[in-house]
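Okay, got some structures for you below.
Next, two complexes with chain A in common: one pairs it with chain B, the other with chain C.
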Partner chain A sequence: MNETQDDMSLQLECTLFFERNPYALETVRGLAKKLGRSELALEAVVERMSRLLILERIGEGERAIYTYHAPAVRQELDLS
Partner chain B sequence: MIERVDSGIRGLDTIMYGGFLRGAVTILEGEPGTGKTTVGLQFLAEGAIRSGEAGIFITFEQLPEQIYADAASFGWDLRALETRNLIRIVSMEPDVLFEQMRQPGGLFERLTNQLNCRRIVIDSISLFRVSADPEQARASVYTIRNILRKLNLTSLLIREYSGYESQYAPFENNVCDGIIRLSLQPHMEKYRKRTIEVLKMRGTRIMEGEHHFTFTREGIHVIPALSMAEEKMISATADMLTTGIEGLDELLGGGLPRGSVFMIDTNSKANHRYLVMSMFVERLKAGDHTVSLMTSSSTIQGMTEISNLFGVSLEDAIRSKQSFFIEHYRKPVPEGFETSILNVGGLEGEEYEAAFEEWFRPIFLHGKEKGKGWFFYFDVNTVVSERGKAFVLRFYADIAVKCRMAGITVVAHANFTELGAETSSFLERSSDGVIRTWVDGKYQYLQVTKSPTGRMSAPRIIENVDARPFIRLV
Partner chain C sequence: METMEDIVREVLDVYADSAGLSVILFEPSGEGYLGIAIRDPFTRAIFERFEQYSPTWRDAFAAASGLRATTVCDFWIPGLKFIVSPIRLDGQPAGQLYAGPLLDVGGAERVYRQLVVSADSPVRSSETASAVRALRELPQDEIDGLRDSIDRLARIVCLLLDGREEGRTESAVAAESATTMTTVEAVLDQYLQMDSAFDLSGFAALTAPGVYSVIRSYGRDAHKLTNIAFKEGEGFLGQAVLSSTQLRWREVVGDSRSAQFAEQGLPPIGEIVCYPVRFGNETLGVAFGLRYAGRTGGSGPSPWESLFYPVIHAALCASILNGRLRKQVQRLQAVTEVGRFLVEADDPQRVLFTLVDASLSLVWTPTFSLLVLFGESGGKAQLVSRGLDAAHAQRYAKEVASRLRAAEGAQRSFREGAAIRSTPWGDTALECVLAFNGVLVGALSVAVGGELEAGECESYVAALTMIGSAVIHASRQRSEQSGQTSEIVRLLHRMTRWRDETLYERAVKAGELLQRFLPAEDVAPREASLILHACMLAAMEPEELCPIGSHYAEIAAMLEERRELERAISSGSYRTDAYSRGAELIEAALRMADDAEMSVDHAGVPVDEDVVGREETFYGRKLRSYLQKSRVVMEEFLLTDEADPQAGDTSERDGPGGGSDYTDQRGIDRLAREAGLSKREREVLALVVRAYSNKDIASTLYISEHTVKNHMTNIFAKLGISDRAQAMALVFSKSVE
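Here is the complex of A and B:
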């Protein structure tokens, strides 16, 4: 698995975490503990997610807090 | 007046005499698995559902998704409440919370303002101990308490508790307004019981001691100790008549419900005179009418003297036809009082009952509709010695029913030990309430063992005092 695939996998993991815990207010350190991942690997991922407006970053550096920008849902559809 | 906040936990408000005080910061402690998180969630969920008060649950270790799932098992749809801005389940690190709480316009303030938050649960403050030295941890909790108070948030701070801590009081206990402890204890060898105890609650009375609780489909249900099923018919509708003894009124939830039948059980050494006289003169002071079934040793003269001590003229009450007496014995009667006394001495069988019936009939029929309050003091021991136990059982039950229907308040007196278990049990069943007083060693005790409000009390010591009503419950 190359680096990009690892990042995408981790991004999916982060997205799922925030989707299931939409009011989590986590630093990279807190997120690393909850996901069982290294802080180093997560830093780049959450930074990219904040650029993509999936997460909102509050503050700077290692004290920065990330919170979820839940996608606006007009209507829940059951596609099964 | 200090505002109360419904805890949302059935039975807990009873123990705290009405709920938390608005803005109080309370420690909720217990060992793992005792139900702390559930109490916290119920406090927030029921507050949101029933009172429309928004609340925030801050978790340091558990994932919110686990909390959503746990809450769903009790029927609380937290995600739906979040959509309505009534709940937030927030996960964060303890140091981040502390930093954000202190920061003007920080995340904590933004969150509480956004929701108009009134309640908060922090799970758990024990982590401040883990991540800092004791001095720093104390300062952190103290600061948090001050911020919560400043924002007037009614708060539960969950604290892990383990048995070894019982040797010394943790600093959080001094800093916070209240402490509630949950425990899981051995019960009857094979079983375990869950208990809740309010150890401290500033600004409110508490029902001391451990109270059982259970997990139901709707959450936690606390069963206040020493309580029985409440007699709703009486307690919901009756006025409460003061006994004149403040401590006894408290034990009875306000006093004697009008139209109830109370039994005072004394042992041979216990003095019940001031207890009964206090109730009696309070009725006269309130303008009620009284009927007293006299004992062999009591006299109108003696009752008059004691009433005078209480500042009430029984003579005036007799002359104005406010007070009446039933007498079994030939005793000297003060002049002019004859018409206020029904003498049943020497009457046999049906004559005896007929005399009572005839005398009481107007009161039973018209007492209530004329808006007159009636109070009947009934000395069971006297009727037993004159008519026998079998008669008393039937007669007492009959009188009790008729008085209840007519709204007449009855206070009877008996010595259960002398009457025996079977008779006593019957009398107890026929009464709405039982007050026991007895002497043990050098002290006289009093305990409410049955009451229409479902309250039973712990035993209290009766202390003699110089001022009216001459006794006090301690």
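Here is the complex of A and C:
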């Protein structure tokens, strides 16, 4: 299978980290240290999570910081 | 389907044809062979009389058993050579591969003389001598080339035999699965390298839904094919992946379908052969061979073509199964980890966020995820979404809600699982119903690229929603119970303000009696909670109980039953089996709470049976009996001595656990004085000897469990004991001294 599918478990791991720590501000290097994963593999994953707006990227390049971005919530939607 | 042994034999045959040598694969014991392809008269002569020559073969086999690499060996007679390659699986000998015979330059005459003249020749006969005459001499570089080919053949045989093994342990399969793809690629490498019929060959694998990329290429211009990607139906290769059989296009110069090669700077293509590799209904990739236009010689079908397909197919099947198993295990582990987080999460909102975000990690081409959580009253819903603007999210949510509500109206029980749906704007989505015990809670919908992706990802998303459903259901139950408790407290407060306070006190006393009795009767926690709530609300009128919600129906039914029971007792029409346990217990507890003696001491009950007489119910008798026994036991532990001048000052009677119930306890007071226990420690000890749990002590004294534990530690240290049993024994001993 392709790389995207191989990264799915890592993306899930990364998602869980930010759900546990919604206020974390992490560079790819910091995240790699906390998860015990390679920076190379994480780069693609956080990039994809940024595209999905799960993470918000602040800055560019190696110093880019990633932080959790909560999904849109709508309470009390009238279904009628 | 062919077995791996069949394929091995076919490999030997094809190689023997191609190289013009005899190839024999011997069993590890050397007693027999797994495959044989004879192509020369010398080997045929030997094998026609195998029984006669078998000792000689065995000797040669034993001599070669120490070989670790493919070697050209003299065989029986100096100058007569065979290429011998050891086959090893997991480090253990699994056979030997022989290819030959070979004669080096000038060797024919020497070997012939030995065979005819030497009396020591083990294979001396006119037949073998004439057979040797038919062999041709080979220069050293050709022999080296054949040795390399045999070495590659041996590696292929190893891989095939390894894949053949059955009954391996799960751990062995797991360990191998990590290198399975390497194994397949190694088989491909070996085949494509050995096949010189093509100018360029390679393998393109499925890398995304409908998209294939060349992952292996061989030949002079192999580097130009690196990273070529194509879609289904695009060019020759794209058409080949849609086919289930081998395809061959000849004289294709100028054909626009070969543009994908021309764009890479390759010479004009004259012929293309493609072998689609399929597993079930799924195309996994395509192996291909290209011949340039104007090629001279070597054209025509490759000697490997007839077996390339079954070999690659067999290897890929094994690879796909192992690879998928490994990935499934990895992903399910990750989903399990998410499940653990969901179960432990305190914040219901975080649960919903995690479900939405995790679902985006479980599909290949996520663009949006939407979670619709229906309100408990119906008509309202909460939406959590990513990748959708508000208008689209609301439109889709209403469509999902309408569909699911319609299904619910049709009384279909909802089960966990996923279904492929189209969104109102035409995208494909995997939709999972959030349901628990058949009760609809909501739905989670995540975008997928198509049916193939949906099929691959369905089980993971379904597993996630199944866990999510259970967590949301549990969270709602907690919230509902908490709401009911608050409502009950509010009602009780109202009762004390607006109604007769004695009714409230009576309910509280009855509740305390039941609180002690219910655990001893092994009443399930939910039923116990229901009985206690109903008891506390026994004085309320039915219309006053409406705000309690769904719990009300059960409480109201229990209270109604209790009123009927009250009437039945008054009229003398009581029957033992006509009323529920709850109704009987509430009635009995309220009657006991009315009793003057009971109102003074909950631990005691009227000894005079005439007080209650014939009116007592079945559970009423049980409750009374339990309380009487309880009183006897407590009196043995806590001997009351109100006359004891050292029973503690009156100030100690004010707090919880320090009132009349607890202070007249000679044993505890003596122990407290002697050990120097503080007032609070004495109160805690008083409750310990009444078999209260830490939690009960905490709620009785309005302190935290942590504080209770601290007090317990101090009490144990001061008394020099290590557990509650010792504390009780100590109190008892002080009481009877």
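Quick notes
The rule is short, and it goes like this: the second predicted complex is superposed on the first by the 69 of 80 C-alpha atoms of A that agree within 3 Å, B and C clash if a C-alpha of one lies under 4 Å from a C-alpha of the other, contacts with A are read in each partner's own complex, and residues count from 1 in each chain.
Basically, a residue touches a chain if its C-beta (ideal position, glycine included) is under 8 Å from a C-beta of that chain, and two chains touch if they have at least 3 such contacts.
Not measured: the values here are computed from a predicted model.
In the superposition on chain A, A:12 makes contact with chain C only, not with chain B. Chain A has more of its residues touched by C than by the other of chain B and chain C. When the shared chain is aligned, chain C comes close enough to touch A:78, but chain B does not. Once the two complexes are overlaid on the shared chain, A:20 sits against chain B and chain C alike.
Applying the stated contact rule after C-alpha superposition, one finds that A:63 touches chain B and leaves chain C untouched. Once the two complexes are overlaid on the shared chain, A:53 sits against chain C while remaining clear of chain B.
Within chain A, the residues touched by chain B in the first complex and by chain C in the second are 20, 22. The residues of chain C lying in touch with chain A in their complex are 206-208, 323, 327, 330-331, 333-335, 337-338, 341, 349-350, 352-354, 356-358, 360-362, 364-366, 369, 374-375, 379-388, 390, 393-394, 397-398, 401-402, 405, 456.
Of all residues in chain A, only 20-27, 29-30, 34, 58, 63, 65 touch chain B in the complex they form.
On chain B, the positions that touch chain A within their shared complex are 63-65, 82, 88-93, 96, 99-100, 107.
Those residues of chain A whose C-beta lies close enough to touch chain C in the complex are 1-6, 8-9, 11-13, 15-16, 18-20, 22, 52-54, 70-80.
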